[in-house]
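Going by the order they are written in, the chains are A, B, C and D; count residues from 1 in each one.
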Amino acid sequence: MSRLWDKGLPLDQRVLSYTAGEDHKLDKRLVAYDVKASIAHAEMLCEADLLSKKDCKKIVNGLEQLLIDFTNKKWAINIEDEDVHTALENNLIQLIGDVGERIHLGRSRNDQVLVALRLYMLDAIDKVLSSIDKLCQAMGLLKEQQGEISLPGTTHMQHAMPSSVTLWCEGFIEAFKDAAEGLQNAKRRSNKNPLGSAAGYGTPGLPIDRSITTAKLNFTETQVPVTAAQLSRGKAEAHILFELALVMQDLGRLASDLLLYYTQEYSFIDLATEITTGSSIMPQKRNPDVLELVRATTATVHSCLNECLMITAKLPSGFQRDLQKIKAPLFRAIDISIESIEIMAHVIESVKFLPENIDMDEGLFAAEEAYKLVLDEGISFREAYRKISKNYTK
Amino acid sequence: MSRLWDKGLPLDQRVLSYTAGEDHKLDKRLVAYDVKASIAHAEMLCEADLLSKKDCKKIVNGLEQLLIDFTNKKWAINIEDEDVHTALENNLIQLIGDVGERIHLGRSRNDQVLVALRLYMLDAIDKVLSSIDKLCQAMGLLKEQQGEISLPGTTHMQHAMPSSVTLWCEGFIEAFKDAAEGLQNAKRRSNKNPLGSAAGYGTPGLPIDRSITTAKLNFTETQVPVTAAQLSRGKAEAHILFELALVMQDLGRLASDLLLYYTQEYSFIDLATEITTGSSIMPQKRNPDVLELVRATTATVHSCLNECLMITAKLPSGFQRDLQKIKAPLFRAIDISIESIEIMAHVIESVKFLPENIDMDEGLFAAEEAYKLVLDEGISFREAYRKISKNYTK
Amino acid sequence: MSRLWDKGLPLDQRVLSYTAGEDHKLDKRLVAYDVKASIAHAEMLCEADLLSKKDCKKIVNGLEQLLIDFTNKKWAINIEDEDVHTALENNLIQLIGDVGERIHLGRSRNDQVLVALRLYMLDAIDKVLSSIDKLCQAMGLLKEQQGEISLPGTTHMQHAMPSSVTLWCEGFIEAFKDAAEGLQNAKRRSNKNPLGSAAGYGTPGLPIDRSITTAKLNFTETQVPVTAAQLSRGKAEAHILFELALVMQDLGRLASDLLLYYTQEYSFIDLATEITTGSSIMPQKRNPDVLELVRATTATVHSCLNECLMITAKLPSGFQRDLQKIKAPLFRAIDISIESIEIMAHVIESVKFLPENIDMDEGLFAAEEAYKLVLDEGISFREAYRKISKNYTK
Amino acid sequence: MSRLWDKGLPLDQRVLSYTAGEDHKLDKRLVAYDVKASIAHAEMLCEADLLSKKDCKKIVNGLEQLLIDFTNKKWAINIEDEDVHTALENNLIQLIGDVGERIHLGRSRNDQVLVALRLYMLDAIDKVLSSIDKLCQAMGLLKEQQGEISLPGTTHMQHAMPSSVTLWCEGFIEAFKDAAEGLQNAKRRSNKNPLGSAAGYGTPGLPIDRSITTAKLNFTETQVPVTAAQLSRGKAEAHILFELALVMQDLGRLASDLLLYYTQEYSFIDLATEITTGSSIMPQKRNPDVLELVRATTATVHSCLNECLMITAKLPSGFQRDLQKIKAPLFRAIDISIESIEIMAHVIESVKFLPENIDMDEGLFAAEEAYKLVLDEGISFREAYRKISKNYTK
């Protein structure tokens, strides 16, 4: 099977292997989006009289068939194809004959990969949002069922003021809802149609109409000018990765709280046996591995953001092959974030607070006492503070 | 001058020096915001009948005076004060007497620093937006004046298709406008009023009304529940830092293009003499240091984002002193970003393209030729591509 | 097949899937090292009279057989095994019967994974060193064959002083040799025997002799005390990753130079056709993708270092499951670094400098001229500098 | 006062301010090293007959005087000087007249800054080593005085096996000694003499002898070839930063342990009052701020490493002004690391373990029991494990 740009010249196998990298594996998830965008592109060509209706129909049918066939494992992306785009075109030509060669008019792999990635990211955000929703529900349920249990509110990890399971849950729920809003806003950068920017300099002399694919693919806007498309690659990606990094930070902090509460010294909570694992040499132990792994995953997602930003840093404008490398950290972060959010919802469902072990000592109420003094005696808070503090000599 | 929490206990000087860190220097820029938020807080206490009108007036006048005095260097934040909040309260008491002690009712330094930072960030974003605007204007002017000059559009740093100064400018202008929109959206996380969350667990027994300060300070919403406030610290900061990192990436890429164009081999541009610097041992040289430093600054701002995210990572919920450390990278990144954007506007004003040195070789028009073949002969792009490619044997 | 710590309790499938993660795939490369360390451990138990000679022989033979069988794909690490350690023990018991249960005395998976990783890293460093050697040879050959070709030496990307292919090659060769020395030194942290630290607190009451495995496995030292072993996890890893990051920086800078030299404007070099790739819409192009991907890979390896450091950050001492997450970035960075170094050696072999395109302008010799003036006229360099600089008015 | 490269051309004030950046402040700490290297350079010029003995003496005396004067604040580095190198030369000429102009023969600011930084780094490492030594002593003392107190050894933050203050201290002491060895090894990259590489391409036609300055400045080797010097900038820096990042990781983990032990729920330790701070609204509290700030500082130092690596990434070879930006994160990390290590030694001196609060539950001894069963009954560990585990049903 030939590569799109094959001109009969020899290509060193090791170079191919290095340059194609993992694309033939990673690109699996892009097949549906490349098909979708290719159909929109073909129909646009047809509307612009650059493709006959008959040919367009053949191409569209062929692409739809290829998507079904891919799902049914009738074809795959091979390393010789390099990427999904070449694989799809090659398979199309094989399936419907020479007419398939007419699809690659007025586009380049540069805008093809951009559009497929953006369509994918819009979907991926929705998947993350749906897992955040599950987590919020789990926390909501926890609050409903055990919310009245008291907790020492801490600052500096020291008992500070009275808190409760309700307040604890609500803080995290606000955080996750904020994250959801952040992710929703992050769609903005994926919502720009790059199709028609081709290699990054448009299609001089070819009367294409980019607004048609914008409408067909439900993008919010067409990304003009053509030079903006490649310059923006990595930004929609970085934006999602940033928002995922924030979600993972909250998950990590939730895990830190639970790990603390689950220590023998705290014993504030119990976790379902099936959530914990055993030890290979200490028969008495039940370990909260899942929480530790969530905590560690904050590092993974943050590193994916870093990799993305570092890949585009300092590059001259115009497409650079470097950009291909963004896919791996993007996909890795999205997958592990969704898994982590969902496993956390799972864990939260099994958390049982143990009020009998939670000591609400007197000191927690010192600020409240001072407030009472202020209200009762009309003195300033500072004076009340000095009076109350005499009672405490930690 | 005493620290807010001073109970007459000894405090080790080295510990004070380590814990106060640079706060007494960094916090200068927060004075105006702490004054503003303190006034809103005092007025709220008054409306809630927790402070008499007379006392409120004294406090408000005192705070206003202190802001003027600070500008006039009549007082400063000393290391013994630790931070702006203690310094302000101490100075207030010194200025207006014991009534000043009444201001610290129903708030804590934890929500005080949050609110001051958010008010600061909202202003800081506006300052960044204004410098982006200057840069867009400079690029717009460049486009207007030299836009018609041809440039080789490149992919893989290789001549690809015809471009122009217009297209080049427009790509970056879109990028900067996108960055501006991103920064505008980043205000969302600063637009939540944390005042009244106090140490992070509210003010039990004290009938304060948080919506009053929300209105007075023009926040979009009150951040409820109280536990959400401290959990969210670092997020508004990270969001700005992320958007600044994206702006700096574009600046860095713009610098990379210009550095390339300025090499003797390209000689696509000239830069004003006053923009360049000389060499200490090579008399013939003019160096584009400013562009190199902009390029390097992408690393600085990205690292500030990293520092911010790493500081909050894995912390148990509730206020932790770690959070203090976010201020330094936040301020550093904001300052250097504004400086970099503005110096770049300055540089762009002085860029002179040299069309006589820009070679638009035939190969740049190969895709266009292929398109023409498609239109003229009705063949597929693939066939046209094969025909045209025979003319090229690089 | 049972997990080591299985006590008949239910384990939620999703938790297993999340906690085992990719370990069953990643751990493939650790099989040989786990076998090697297990054999040393069994022999130590035997020497300490904790295992009979007969049983020891059975275990050692069994382990050796399992390594052969693994290579022949007769068994694999399944997700139910969680990791290589459990898989190996399970397979051993299956192969040689109950006597296999005697291997897990005086060790834990915590020191088992540590020792396997360290043995692996010592080997991996040697593999990296061998690819660096290839690269140095390629650059040495280039220097030998084309070294006399002149190059403009640049500072600030501006012509500065005369250089040559020799000087250019030698700079990078020094860099790669320095990297090799750095990697060699990085072995130090892998060269500490953790075996016998068990879960991190030793094996109270069990008369094992840790120095025996140290000798058998050729470690430089036994890591005492037992608590040091887990606290040090991630450091040998981070050290290698840091040194790889430095190598990749040099590779990236080498790629940047070559990408510059390969532009049409420079045309300082040609690359073999089989090293470059074509374009899908621009028939005239040959693209240096491989160099761009090497440049991008600096971001990948640096991010792996970041991930490693962020995973261990702030963890309480003692083993934490978080540490498992270090394997993925470690392996990823080692693999891609070796591939990148080797592909670069490949590229360097095909670089052809084109002296006819390299313009050594007069300005390059200005400093030399100034030196001459100093020597001839006995004036200070500053004075000579001022005289010479009059000749240049860029 | 004139800049070294001044040719009478106008220089835009804003460009100067942006390009000089903070150098005039940062470079203060380099004065002594620039003086030292300049003296060695002058003496080398004299030995090579490029400077008369009389002139050399004047220059050397002048430089020595300038160092004393700088310490006495008789001169300072101004922004107009840009950096220490220009300031020093300008002041030398002012002090000893035109003969001062003879110092800048056969060197450039490029190798001047390299050599000054390396001499500085060699000293800085010694300072870090000395603070690590203090910390090890403090931990050694703690071990000596309270070592016999039992501690629950944990894995997964769960009670695992018996440990002790001794084991806990020893683990960290090993870590800090390993860090010290790492830092000692990091000197290697600072121990290469760059002097004489000048701008990066040597001093053609000028008979200098680089081995002389190598000997005079006690470098281990001369860095040949000349092109290697600039290519290596940032590596010695990154190496120190990496090792500091590792030290800070250990400090952060030590802080995490202590923060845990200091919670009300653990109450394993008490801290001296003068180590802790109070709260502005909760009169009962004593907060371990210093430990939280140490924990947060891991992020700062890691970010400095990141910034350093990102600055040099992808740069073409040859000096680039970007490299100037490495100084700020380098100095920041060194200063804060030393402060953090020393404050930690201070904290450790005040830690008092409270054995009465430390519960060594039965489960901690389960593994030991199993070992006993193995020894007593000759059964396998696996069988013993199964027997013992029946006693535990957490």
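The definition used in the following text is that contacts are C-beta pairs under 8 Å (C-beta built on N, C-alpha and C of every residue); 3 or more make two chains touch, one makes a residue touch a chain.
Owing to the predicted nature of the structure, the values given are computational and were not obtained by experimental measurement.
Chemist: Quick check on the contact graph: shortest path length from chain B to chain D, in steps?
Modeler: 1
Chemist: Which chain maximises the distance between its CA centroid and that of chain C?
Modeler: Result for the farthest chain: B.
Chemist: Could you grab the centroid distance between chain A and chain D? Build each centroid from C-alpha atoms only and quote it in angstrom.
Modeler: 36
Chemist: Calculate how many whole Å lie between the centre of chain A and the centre of chain C, each centre taken as the average of the chain's C-alpha atoms.
Modeler: Using C-alpha averages as centres, the distance is 28 Å.
Chemist: Need the CA-centroid distance for the pair chain A / chain B, whole Å please.
Modeler: The computed centroid separation for chain A versus chain B comes out at 24 Å.
Chemist: Please list all residues of chain D that touch 2 or more other chains.
Modeler: 7, 104, 154-157, 160-161, 198-199, 260, 279, 281-283, 285, 287, 289, 292, 295, 298-299, 302, 306, 310, 313-315, 320-321, 367, 381, 386, 389, in rising order.
Chemist: Contact residues on chain A for chain D in the complex?
Modeler: Residues of chain A touching chain D: 152, 154-161, 259-260, 262-266, 268, 279, 281-289, 292, 306, 310, 313-315, 359, 361, 363, 366-367, 370, 381, 385-386, 388-389, 391-392, 394.
Chemist: For chain C, which residues count as touching chain D in their complex?
Modeler: 7, 50, 98-99, 101-102, 104-106, 110, 153-157, 160-163, 167-168, 170-172, 174-175, 178, 181-182, 185, 188-189, 198-206, 223-228, 230-232, 235, 238-239, 242, 245-246, 249-250, 252-257, 260, 295, 298-299, 302, 306, 309-310, 312-321, 367-368, 371-372, 374-375, 380-383, 386, 389
Chemist: Which residues, counting only chain D, touch chain B once they are in their complex?
Modeler: 3-7, 9-12, 14-15, 18-19, 21, 85-86, 104, 107-109, 198-199, 273-275, 277-283, 285, 287, 289-290, 292-293, 295-300, 302-304, 306-307, 310-311, 313, 320-325, 328-329, 339-340, 342-343, 346
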